[in-house]
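Next, two complexes with chain A in common: one pairs it with chain B, the other with chain C.
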Partner chain A sequence: METTTTYVLLGTDGRLTDDPAARDVTPELCRDLYRDMVLARRVDSEAYHLQRQGELGLWLQSLGQEAAQVGSIRAIRDSDPVFPSYRDHAAALCRGIGPEALLAQWRGVRQSGWDPAEHRFGVYTLVLGAQLLHAVGYAMGVQRDGSDDVVLAYFGDGSSSEGEANEAFNWAATVHAPVVFFCQNNQWAISTPTGRQFGAPLHRRAAGFGLATELVDGNDVLGVHAATRRAVEAVRRGGGPALIEATTYRMAGHSTSDDPTRYRTAAELDHWRARDPVDRLRALLDDRGWADGAFLADLDAEADALGAETRRACRALPDPDPTAMFDHVLPGGSPTVDRQRDAYAAYLASFEDAVEEAR
Partner chain B sequence: MTSETFRLPDVGEGLTEADVLTWHVAVGDTVTVNQTIVEVETAKAAVELPCPFGGTVRELLAAEGDTVAVGAPLITVATGAEPETELAPEPEPERSEPEQGSGSVLVGYGTSAAATRRRRRRPAAPEPARPAVGTNGPNGTGPRATPPVRKMAKDAGVDLAEVSHDGERISREDVRRHLEQATTPSDPGETRERIAGVRKATAAAVTTSAFTAPHVTEFLTVDVTATVERVALLRGHPAFAWVRVTPLLLVARALLSAIRHHPEVHARWDEANQEIVRLRTVNLGIAAATDRGLIVPNVPDAGSLTLPGLARALEELTTTARAGRTTPERMRGGTVTITNVGVFGVDAATPILNPGESAILCVGAIRRRPWEYRGEVALREVTTLSLSFDHRLVDGELGSRVLARVGAVLADPAGELLLD
Partner chain C sequence: MTTTLSRAITTALHHALESDPSVLVMGQDVGALGGVFRVTDGLQKDFGPERVVDTPIAEAGIVGTAIGLAQRGYRPVCEIQFDGFVYPAFNQITSQLAKIHARTAGRITLPVVIRIPVSGGIGAVEHHSESNEAYFAHTAGLRVVTAATPQDAHWLLRQAIESEDPVVFFEPKCRYWSKGEVADEPDLPLDAARVVRPGTDLTLLTWGSMVETCLAAAAAAEEEGHDLEVVDLRSLSPMDVDALTAAVDRTGRAVVVHEAPTFGGLGGEVAATLAERCFDRLEAPVRRVGGFDVPYPAARLEAHYRPDLDRVLDAVDRTLAY
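Showing the complex of A and B:
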């Protein structure tokens, strides 16, 4: 079988390869990406603990996938629209979505925590692959507006088997939509390994649809950054849609309801732990002397403060008025929805009365 | 100094309770925010719970082994100048309602915690008889236990129906106690091991078979030199280039031939319906010794295979069995079986029928023996075949004809198989 070379800029040994893009690597870029990844990992870890303390109904950890997310979202303009899946916390944080907004949905107090228009970052989509069609549709709107925005759509290896994903690839190629599909291939679709998910790697299947594709080491934040920048700029110049497959690893379970020890081995985890994206960039920073003690101490303090803020903000999230769930069903509402809201309010009121009587 | 209570959260989308496995802290210990304090086992997984507060452990409100309802208090922590306050720059306390427990905790907290919390009685010594044995769950689906406990029981070869328990459901502790009782040596000069797994299944199968089907076993010693030579020839044939050819292949082919010539032998006794079921498709079982014990996987529709196809099927079957990867469905549906005791260097056996089958063919070791050959004594490859059959289905005459046919094919495979 034909094999494709994985693009690497920062090797597992923490050294830059001789790729031309290495010339664009600056100390500032490395420090910024490192900070993004460390802070994202901290929020993710706090959210996990909050779930285990009963403060969140569910959480899906991004642990291990920080480089794929941070490297890609930092390679596009802040104004480029992003359509995430549901594990893209590091990317969301880079778009200014804070812990409170990030956790609200998982605490079950809001349907989504942020305004997609304000952050140019869509709501989390738990229907696998659906966001890819939304992204292509949005990109067609971009074409019609005559804007030079490029749409970035995140998804995973499991989603790549979905009909939606394949329709999105095909349609994007057909209409030449300005979209970059970014697959975080984290090796596991819940308990299904990639080996049982598809017979040919995604970047090769996508090429068959007519997308410009690249395979990149998803735990190499600099490589992801360079590859995404290349792809996005090519699309922005009118080159047609692209797909990046980033090889990474989901270090935690699929969700807090999943027990990954039932289907994968400790040896596999060790293999990937040795390829940790944060450690890898830290090795470069240390090797080059690009991060002094003050920077690292400040970052530690910032992470601690963000952790505390995550806990505080989560617990402080107000319970919504139960009838608020009717507010966003249709823009402007409708008589039918209004009737349902009234009926539900009456039901709740009767329930409270019953409690009062019992006392 | 205030005190905080951490209640058991629903850590897995709709759980109602968990068993306390291990406490990682004791009363008086200092704990920090997010420090793992306890491991609990839910119906889904063993889960470590991190402490939401920092401070000093004041009380552990559940013992290891207890089943705790979601929402029931687990631990109280005296929170003085705890690390959380030092870390959090915001003066706004996240615990504005002290002593009320975690009022803001989310999922599944509708009911009174104290009312649903159960503390299980634990006897000091194993009891000779325990109240509930094999209590059926709802709808008669067997005893109730969480999936992790079912897994533990399955791994240990324990039938949950035999585990005594006094709670609503069988717990990990119940299974452990069951195992201890089952394996307590009564005499220092002996060791006891629990009857479990393949051993248990095999025992049940041979017992059922031996005491249900009246067995008759016949023997035939036959000169199989031609078979041994034919096997050597086949090994060099391109059709068998990637597959192991052994005398067992021709034994299988000989048995298939005998069934083709005497299809009445291939049947099943249906006691419940008082019917004899004639079988058209031969699913050929091969008894295999594995690390786990004796198993009998089968080659489905072996009669439809070409000789190379049969060789591949047999090789795949034995390789899979030795690797311990035989799936349960490959062990179901067998219609007739071959057992090869020759591999252990013995001459013959009186095999017991695989339950539900009408015949089983046993092959002994092939040895060079002085044998009458063309009017003289010569050293020939000789083996003893034995055939056990269910005498309800197979008369002595039919059984004899089948065994004779197998012998005839092995004595002259090239010639006799032309007759098929």
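Showing the complex of A and C:
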């Protein structure tokens, strides 16, 4: 089979390649992306430990995928709408979604934690691939409004097998929708490796649908940033939808309920640990002398503060009122739901009354 | 043999794979991982990846290819990873699997089993706790069964796999780790209800995740001098209506308890059936206790959403006092 070249700007040796985009790499950009990744990794790590302490019901780690997320979301405008999947914590943090909002769903106190309109960042979609069609529809609205927004939609290698994902690719190409599909190919869909997920690489399949595609090293934050910026600019100019496949690795289990030792080797993990996206950018910063001691010390302190805030905010999330589940079933309300809320509130009150009477 | 409900399913699958070379197990992560609930643990090791098949993440694909495999003479047992993930396969189940036998004037039979972990009670995130049996029971051409004990899980699944009919097999995930006896023989056919506790004052009609709750309610009611019968429907379609009417003949009062939302839930079907068939023997209206008509809530509220002992007893008290 014909092979596609993987786009790389920052090599695994921590050095910039001779790609023309290297000219656009500034110390400031590198420091900003490094900061985003370090902070995201800290929140992810804190959340993992909070789950282990019983403070969260479940957590799905973004560990290892920081470059794919940070590089892509920092390449679009803050006003460009994003339709995430469910492991996109680093991207969410870049959009100003704080630990409390991020953790609420996983603590089980709410079904989602943030206002999509405020952050231009949708709520997580746990049913795989469904958000890709939403992104296309949203992009169709963008077309009709005459706006130059570009919609970014995140998904994974496993999701790409769903019928809805393929409907979204085809649909977007058909209507020339201003959308960039961004696949974080992290090699594993729970226990299923990409080799048993698809017969041809996703970026090639996408090209068959008529999308402009690019394969990029997903652990190269500068390469992801440059490739996404190119793709988004082309889409914004009216070039039609694009798909980026970013090759990365899910360093943790699928979730805190998963046991990846049942299906993958320590050697594979070591291979990817050596390609860590944060370490790679740090090597460049050190090599060029772009991050001085004050910057690194400030970042350490900022990460510590964010970690502390993550722990505090998580534990402070209150249990919801029992009748909260009756809210928001239908925007116009429902007499069925109203009756059930009233009856259940009265039922709960009857226990309080019984306790009072017993005193 | 004493075992867990989950293990009783594993051994049923093992037996089916061993005794019939046309049986296949297929689904997401069912191979090396053994399924997210470890229900298929060890099967791929014993029977190989051609018979215990890790599929791409494509629920329509799992059921659609199972239909093709069945037409080729295989007996696929599909696993859908969670209740809320079955909907991409809804077209294949309701328009294809359920109707091909009738559409071909009986020329094609599709002995496909679709196993679905169902209902809540495990503190899961959204789409992982739904009780969606009514969608499937509403579709002609499917059998819909559910098991509340290891004995029923083991034998209902073996009977489902041996059946020529398409079967949707619901496994209450909060009961996966509960233990019980599995006998060497089935003691009931696939479509029979089971009286799990005899009683004379009122019958609790229930299934799946709520059987244990109803037994606990019956035990509590006994302390207050009420003798409750508990019937596990097991087969939701077809429904063992003779067992339901026989129960009302004995007790004259019935409460239906299920975890699914009450509106449009199968409790309504049970109540209507009883009203039609034994109106004159009923001492009170048939009450329903179910989940509320809201999206399954965040985990911290699920104890309020799911019927519990107190809500069952509240309905029992009202029915006895009628």
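Quick note on the criterion: the second predicted complex is superposed on the first by the 342 of 359 C-alpha atoms of A that agree within 3 Å, B and C clash if a C-alpha of one lies under 4 Å from a C-alpha of the other, contacts with A are read in each partner's own complex, and residues count from 1 in each chain.
FYI, contacts are C-beta pairs under 8 Å (C-beta built on N, C-alpha and C of every residue); 3 or more make two chains touch, one makes a residue touch a chain.
Predicted model only: the values in this text are computed from it and were never measured.
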| item | value |
| --- | --- |
| Partner chain in contact with A:A200 - chain B first, chain C second, else both or neither | neither |
| First, second, both or neither for A:A274, with chain B first and chain C second | neither |
| Contacts of A:I190 with chain B and chain C, given as first, second, both or neither | second |
| Contacts of A:G54 with chain B and chain C, given as first, second, both or neither | first |
| First, second, both or neither for A:S161, with chain B first and chain C second | second |
| First (chain B), second (chain C), both or neither touched by A:P320 | second |
| Partner chain in contact with A:G108 - chain B first, chain C second, else both or neither | both |
| First, second, both or neither for A:V337, with chain B first and chain C second | second |
| Touched partner set for A:S257, first chain B, second chain C, both or neither | both |
| More chain A residues in contact [chain B versus chain C] | C |
| Contact residues common to both interfaces of chain A (with chain B and with chain C) | 57-58, 107-108, 257-258, 262 |
| Chain A contact footprint on chain B (complex, rising order) | 6-13, 33-34, 44-52, 84, 87-90, 92, 94, 102, 104-107 |
| Residue ranges of chain A touching chain C (in the complex, touch as defined) | 57-58, 105-111, 126-128, 158-159, 161-164, 189-192, 196-198, 257-258, 262-263, 319-320, 322, 324-326, 329, 334, 336-337, 340, 344, 347, 351 |
| Chain C residues touching chain A - in the complex, by the definition given at the top | 28-29, 31-34, 36, 54, 56-61, 84-85, 87-88, 123-128, 263, 292-295, 297-301, 304-305, 310-311, 314 |
| Complex contact set, residues of chain A against chain B | 46, 49, 51-58, 107-108, 256-259, 262, 304-305, 307-309, 311-312, 315-316 |
